[in-house]
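Each structure below is given as structure tokens.
Two complexes, one shared chain (chain A), two partners (chain B, chain C).
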Partner chain A sequence: MKHNSDGSGQPGSGIKKGLTTEVYLFILVIVIMLILRLFAADFYSLNNVMSTFNYFSYLLIGAVGMNLIIITGNIDVSAGAIISVVGIAVAFVGKTNVPFEVFLPVGMAVGAGLSFMNGIFITKLRIPSIVATLATTQLFAGILPLVVDGAIYDLPANFTWLAFNAKLFGIIPSSVLFMIIIAVIAIIFMKYSRFAKKLYAIGNNANAAKLAGVNVNKTVVKGFVIAGALYGVAGTLIVTAGQRVTMTMGSGLEMTLIAAVVLGGTSIAGGSGKIIGTVVGAFILSLISPAMNYMGLSSDWSDAVMGAIILVSVIVSQIAVMTEKNKLNTMKLNCNPEVK
Partner chain B sequence: MKAKELNKKKSGLSFNSSLLLIFVVLFVSIGLMNNNFLNPNYIINVMLKNIIEIGLVALPLTLIIITSGIDLSVGSIMILSAISGGIAAASLGSVPGIIVGLAVGVACGLMNGLVVAKLKISPLVTTLATLFLFRGIAKGITSGDSVYSYDFTTFMGNQTLFGLPISIIIYAVVAVIFCVILSKTTLGRSLFAIGFNENATRYSGIKADKVLITIYTLCGLLCAIAAFIYLGRFTSVKFDVANTLNLRIITVVVLGGTSINGGIGDMKGTILATLIIGVLNSGLTVLNIPIDVQTIINGIVLVISLIVYSILIEKEKNKRILEVAAMKKT
Partner chain C sequence: MNEILRLNNIIKTFPGVLALSNMSFDLKAGEVHAICGENGAGKSTLMNIVTGVYKADSGDIIVDEKKYVFEKPNDAFDLGIAIIHQETSLFEEMTILENIFLGHEITKKVAGIRVIDYEGMEKEAENIFDLMNLSIDLNVKIKKLGMAQKQMVEIAKALTFNSRIFILDEPTASLTQREVAALFEIVRKLKSKGVAVVYISHRLEEIFELCDRVTVVRDGQFISCKNVSETNKHDLVSDMVGRSMDNYYPKADVKIGGEIFKVEGLNQRGVLSDISFSARKGEILGFAGLAGAGRTELAQAICGLTKKDRGKIYMNGREVKIHHYQDAMQSEIVYVSEDRGKYGLIVEMSIKHNISMPQLEKLSKNSFIDFKAEQKVADEYIKNVGIKAPDADFFVENLSGGNQQKVSVSKALALKPKLLILDEPTRGVDVNAKAEIHYIISKLVEEGLTIILISSEMPELLGMCDRIIIMKNGKIAGEFDRKEVTQEKILKVALEIE
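Coming up: the complex of A and B.
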């Protein structure tokens, strides 16, 4: 994580880089959509669009949370495990026939609580985030088999109300509504709030932020708690889509969330990156599998395509940064007569 | 510099001895609770054999993490190598299987190394992308089906030599080689240097790019060797085991006291951590504790060791500050 941190140090270069990445990605999205329009017009059937958007919603809500954490220069590999725990918790509550309004608060509270634990580990014990969350992944994922025997099923009918019946105009699923609300709030919040400025400052240089009067530990923990609550929302939406809830619903999801954030141009070293990039990143990732299906390609290859897109995209933006740097260096040389 | 060197050795020693202590306590207490555990047959054929693949890959991963890098794609490389080797062997025979398996492992590692060293993309991002890429290719070429063991992998996974499984002998030899690489060679020294300060290392004339490419490629090679043993032991392999392998291997390295921030690490720690995880996993099985509970116990052990380690580092730092202050006075 130490690599590469030099370039993102200046806020100016970070913003510039973010912009170009978003533009690249946006063009990519349009190209994909056009190709689909030409060769697989079925893709735009209402059903398929809505199911693609449904998956996009889970992914983006979780990825916004991951984005907050990555901006502070931390990372969270326990997100998948947290989502699994949230799922089981919500299912437990759902089994008692409570009204569906309770699900979301419960999911958010569980997510926030577990993520708070991560935050404490990282700030108070100063364990690097990747290691701390690696450890808590095993704790969270390990607790589940003790309380659940594989899966929870025979859930009451109102359990899936949120996913199947709660639709705006009878078409747009509630998950999409949640996603839009969260994304809009996040974009405004990350642009204008003082808290967001603190997050960026910590990611750029935690020591400098501390000296400037930012309570680094408190801010990082808060960031983790907000992220946890968002995982909670994502987890609740994922599990209420079925009558049967298994304990591994979220496993492996953390890598997809990180991938969406990275693809969106957020530097893994922290301090730069925008939510809008993550929105586009998550959208591309959720497009891959259905797009391949409708193009008549086997979706078995979707993971490989996803990896290739991430790799190519980071390489392209890195080459842009490197040529920019070289240009600057030669300019400096030309300006400096002593070197000549 | 000398004082620093000395200090590092001291801290390494104290951490390793506490790991050794954990190992002995676990081993003895599980042995006392169930005598079957102390049966040499069980120790060799269950406890050690079950941890070989993870242990093998943890060795080169230790080198990578010392340079402040990471490789999240190790599990995916293993699976891709096992699957492509298995497919080649099924139609062409064992020898092409071996060649393809090794070549794929090395190529994957080389690719990671080139992207990290030449394009300066952070190892975390690089290997996150290749985690999907390699696993995805494995899924694509098999369409999600299993690939089966062939003569050579069966030999690697199950053959015994002088009463010891050949996989354990391979692990022992490789472990010794890696101990020597890290502590006795210039390559090992340059790894620590890169981990402390990569730019300074470049300016001091070490070809950091070459070193990084070497160790990532080495990691790919060992993934391929581990893949042979894995395929032989389980007789068939599917793409989806890649996920759990990645994190388990990183856990072993971290438990062994290698700092994820780079510059600090020890091969003996990784080996001890491998043994601890081995004892835990098979010991808990002997005690009839279900496999599910083992994850949480692994997690608790990791958390405790991290806390202990962070306290140790804090102490060490304070000591170092005092020592530097004393040196300045004289």
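Coming up: the complex of A and C.
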């Protein structure tokens, strides 16, 4: 598929640069896993591995949604609040003794609906996404104490079916299956759909996108709705893991989702970023908390360690970006397309 | 050759300005038609009308012998009219292939779902680049490309829409010789396919090498349309210039003193080449040149707004080191930018605050701003400079262009400079305010100020300046004294004609 250029004298082709980001991340993953092997061998017990995978799964599903939003140049700090609402909504539904098949669609619908609101505030009302989603965080989270007194408990037995009973080969949590399906679809979708191209274009240059015939508002709202549905899946998976549902299940989760996306190489400015990067980013983050636990470090440290890893990784990638910019600027880009 | 586009009697006005009047133009399929004219002659406005960015006040646009009215850019675009600007509208983080087809990707059905057909797109892109005689890696991101290549991508993009009219706006401004040759080859190829090309350029040599006909516009009006084979450079210059030389601006006779400012060997890689000149006390030194000649860049390099690679600056005989704009201000050199909004004024603030901004330290006592002093300074300038506003607290954004310019100038004057560099001070300013600003300039030199006046308006330069330096391509191309200068002389030097 790649054409042979005339040895364009470029510092590196597009594919090479992409490899660099993912290679660094991959190395980081290997390093962390080796450290664990050395210092906390029992991290690799079956139970713990499955539990980590479970966390990784819903983290990634939510992060894929966040990735779509960030690619368009927006941000969504209400993801955690949305997930909390999804949790309560699914619990409410659970109390009515419906079959468990209903939970997932309900969760997705609630997530998509709330996210749709975000999309409308940002496009039609032209509120910058940071401001809009800060406001909706308060709004969504704030509604919950009004409808629920404390927590919801005494949920019927079928509530936790997804988490505890639906295991592949008896050990792999169903959340992993969902995660794999969603990740694969996402990767294919971002490459082969015209919709994805529009998302990237908007993140690059919304005005130029408009001139190219993209309906910017509609596309952004659609992106938010899809992300919302994904938050809904993540939320449903989280909440069906226990018999007791609190109002703050998703609180603060948006930060981890954003971190996974950024760690994976997506630029916070929008216009670029690959799902595969987010996969690796989410994986790294999902290792840290349990890893710290197993290494005997107090969990108070895990936030700090997570922050440090993110900071270092972003600094490294920023240095890479600036070096490349300098190279491009000083090099007189005279790589003329070869005239035959 | 069939006529593909015709404009008849187009009139376009903006508030206070008659941009185009009596403008006509015709274009045949398969021809390369140049449009020529000084800065501000109306070329951009004309193209904006053809591409649907502006709507004409009156007049006809006829495409393929049918009349059309363009309400928005898409209307023109749908008829096959494409413009290749200098500032491209490409997506930096996406690849060439993605950019070319963005919004109209080729798709195919796989298992009943519509997906992007990369092979199909590559094939079509290959065909187009073959047509352009280029071999290019389609998977490179736009941000890695140079200007020339971005232009090629823009042309390829227009070709995927089957555009039939290509407007190239100063396409060779940032290209090397080789790249220009490559571009010409592509234009000739397009021509052979029946595409019509409108070529807007100052570079007369290029017009004579590439184009079939050339239209000259001046002061927003159609002047002439000739076959390139039946005219020559002198002829074109004559058409571009031909206005009567009235004495528009009263210039008082001011006694000009000795040398007060000197620039020696100023160099900025790729932009300015070995600039040396001097200015005398009480003199108005004009800088003429076509767009891109480097006058603003020179002013900004002198004032420390941009870094120079080499060069010495002398004020009153002593060398001054200017690395930042603050250094320039301390050496009593002040620059008034051509772009009021970006560099000159803070439009959401009041007249008072804008004028006092550069000298807050002088107007402060113990880190607190002396509001009385600030008000006094503002009132003084409103009176002397004649700013038309209810009071000093009026927000600058609500002022007319002319008055905004006066605030800009006041801001500079309040610093009491010895050398004032004015960059296009009357651009976009109505006739009356223009005259008032010229009057202010005259008064200033009477009081002993020295002024460097960068301008694209011939009458302004000829009326106001004691000497005029002409720049071209980042170098000084010529210099004339007031007594011997004419518009033709200036233009000929600016265009580098013998």
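The rule is short, and it goes like this: the second predicted complex is superposed on the first by the 313 of 340 C-alpha atoms of A that agree within 3 Å, B and C clash if a C-alpha of one lies under 4 Å from a C-alpha of the other, contacts with A are read in each partner's own complex, and residues count from 1 in each chain.
Please note the rule applied: a contact is a pair of C-beta atoms (placed from the backbone, for glycine too) under 8 Å apart; a residue touches a chain by one contact, two chains touch by 3 or more.
Treat the numbers as computed from the prediction; the structure is a model and nothing was measured.
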item: Which superposed partner A:G281 touches (first chain B, second chain C, both, neither); value: neither
item: First, second, both or neither for A:P173, with chain B first and chain C second; value: neither
item: Chain B versus chain C as contact partner of A:R194, first or second or both or neither; value: second
item: Which of chain B and chain C A:L311 touches, first, second, both or neither; value: first
item: First, second, both or neither for A:I130, with chain B first and chain C second; value: first
item: Touching partner for A:S272 - first (chain B), second (chain C), both, neither; value: second
item: First (chain B), second (chain C), both or neither touched by A:I143; value: first
item: Common interface residues of chain A - those touching chain B in one complex and chain C in the other; value: 1-4
item: Sites on chain A touched by chain C in the complex; value: 1-6, 8, 10, 13-15, 191-194, 197-198, 200-201, 203-205, 207-209, 211-214, 267, 271-272, 328, 332-340
item: Touching residues (chain side chain B, partner chain A) in the complex; value: 68-70, 72, 115-116, 119-126, 128-137, 139-140, 142-144, 198, 243, 247, 250-251, 254, 259-262, 290, 292-300, 302-303, 306-307, 310, 314
item: Interface residues, chain C side, partner chain A - complex; value: 73-74, 89-95, 98, 102-105, 107, 114-116, 118-119, 122, 126, 129, 133-141, 143-149, 152, 176, 178-179, 181-182, 185
item: For the chain A and chain B complex, residues of the former touching the latter; value: 1-4, 75, 77, 121, 125-128, 130-132, 134-139, 141-146, 251-252, 255, 258-259, 262, 268-269, 298, 300-308, 310-311, 314-315, 318-319, 322
